[in-house]
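Below: one structure, written as structure tokens.
Order as written gives the chain letters A, B, C and D; numbering starts at 1 within each chain.
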Amino acid sequence: MGSSFRHRVRVRYSDCDPQGVLFFANHLTYFDIAITELWREAIGPYGDMIDAGVDIVVAEAALRYRAPVPFDDEIEVSAEVTRLGTTGMTTRLQILRDGEVASEGELRHVFVTAGGNEKREIPDEIRAGLEPYLAAD
Amino acid sequence: MGSSFRHRVRVRYSDCDPQGVLFFANHLTYFDIAITELWREAIGPYGDMIDAGVDIVVAEAALRYRAPVPFDDEIEVSAEVTRLGTTGMTTRLQILRDGEVASEGELRHVFVTAGGNEKREIPDEIRAGLEPYLAAD
Amino acid sequence: MGSSFRHRVRVRYSDCDPQGVLFFANHLTYFDIAITELWREAIGPYGDMIDAGVDIVVAEAALRYRAPVPFDDEIEVSAEVTRLGTTGMTTRLQILRDGEVASEGELRHVFVTAGGNEKREIPDEIRAGLEPYLAAD
Amino acid sequence: MGSSFRHRVRVRYSDCDPQGVLFFANHLTYFDIAITELWREAIGPYGDMIDAGVDIVVAEAALRYRAPVPFDDEIEVSAEVTRLGTTGMTTRLQILRDGEVASEGELRHVFVTAGGNEKREIPDEIRAGLEPYLAAD
């Protein structure tokens, strides 16, 4: 229980800014990539969920930046679920360089009807798929 | 006749790369902004066309880069229509710094059914709206 | 005192995602645009500060998303300074559609030596420039 | 001889537009990723070249779009060198979905002094590294 998910990404040139490092907003983009990959492993392709009429939207985000993330580095993005509510899910994410935390944050997603954007309960099979990624604490 | 359209844009930090200048792919993004603004002036908001069941997709693009475009510069993107066919439109675009050409290119758009992506004829009112922007040559 | 800064932006097509609205990470990008424009009004062009050997980096970010921000909308990004410390500055930002808050958040910036990335005190002239934008509370 | 290079990429949500497919300008971004990876295989990390005082800038780009590239698809970007001049290099690139060409194009890069942006000859070791990727025709 509490197994955290990790996904390797290479930092793209186009995601870096004139300071030569990953642009601060793009840390959220890399968090998003990890969520998509967590989905693939835990539940299935994100697009299948949308085809089934379910979508997720971000309601809240928080980030702390610890160290710059340079162009062309191969980093890991870790993700674990910290809360599975009735209609919402909170995840904790980290960008790791050689095991060191370069940034960390939380995302709160809300489940909605695809297209319609109305809040809805987390479908049972998605809840079951995410439970193994629930953090122990 | 042949009036060319111009739109001022401030170069964003996030659109620049570690060389401190507008990332080369983002010249196309700035061309796209100019097309959206040309649409607003010539025809109306882009979204109204989609609501009416018509969309445009890019079929071809070409660019020549003359000079770097630095962060925070206020540039102009010029656009003129060089060809209005049955289902397609070609535009010539330039990024100008103090009147000097920093990059220039062409886009060929094809008109399609919104969502469906099937080729269709240019609607009459759109053709009429674009004709004043046809280049003289 | 406590005058808040506002900057108008048109939501670009390329900043929107398959849900047809501003991608959640790009809210931070729009916050960044507002900081750059606040700088221009309060202090001068951002690049002048870098030329003078001073830069700012983001240490912390937080966002709450209230409502989707559709493509082609003309929005306002408001910014006010909530804290001016010795080496750091906190700002409160909002994305407004017709005066309604679509998203809001905070950024904590740290002043560093340009290039070197070592923490440094806020230069006096920058502090003086930002003080009029300090929130009353 | 004429071995073409291929790199697999997963299409990111944030790279897609409201049409649900890879934004047209981002095809260039994916070409750029392939160039960086070709570099790694043929010569070494791109950053090492910059540290050695050499950089490349794009002088010309051309693209033909054949088919939309949907979100979450795993695509291949192929790259081969079609010309190695004195100071410039031309490459031919393709985005492939299940072996089918979704887009194709050419990039012309010019070698410059890093930072200075002055044209310079292709260093011998870089030329030697790229020669195996020269197209047969």
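The working rule: a residue touches a chain if its C-beta (ideal position, glycine included) is under 8 Å from a C-beta of that chain, and two chains touch if they have at least 3 such contacts.
Please read these numbers as outputs of a predicted model, since none were measured by experiment.
*Asks:* Which chains contact both chain A and chain B?
*Replies:* Common neighbours, chain A/chain B: C, D.
*Asks:* Would you mind checking which chain's C-alpha centre is most distant from the centre of chain B?
*Replies:* Of all chains, A has its centre farthest from that of chain B.
*Asks:* Taking the mean of the C-alpha atoms as each chain's centre, how many Å separate chain A from chain D?
*Replies:* Taking the average C-alpha coordinate of chain A and of chain D, the gap between them is 29 Å.
*Asks:* Report, in whole Å, the distance between the mean C-alpha point of chain A and the mean C-alpha point of chain C.
*Replies:* Roughly 24 Å separates the two chain centres.
*Asks:* Among all residues of chain A, which ones touch two or more of the remaining chains?
*Replies:* Residues 13-14, 19, 23, 25, 29, 32, 71 of chain A each touch two or more of the other chains.
*Asks:* Based on the touch definition given at the start, go ahead and assign the chain network to line, ring, star, complete or other.
*Replies:* Here the contact pattern is complete, since every chain touches every other one.
*Asks:* Spell out the residues on chain B that touch chain C in their complex, using ranges where they run on.
*Replies:* These residues of chain B touch chain C: 12-14, 29, 32-33, 36, 45-47, 70-72.
*Asks:* Under the touch definition given earlier, write down the residues of chain D that touch chain B in their complex.
*Replies:* 19, 23-26, 28-29, 32, 55, 57-65, 68, 117
*Asks:* If you look only at chain B, which of its residues touch chain A in the complex?
*Replies:* 13-14, 16-20, 23, 25, 71
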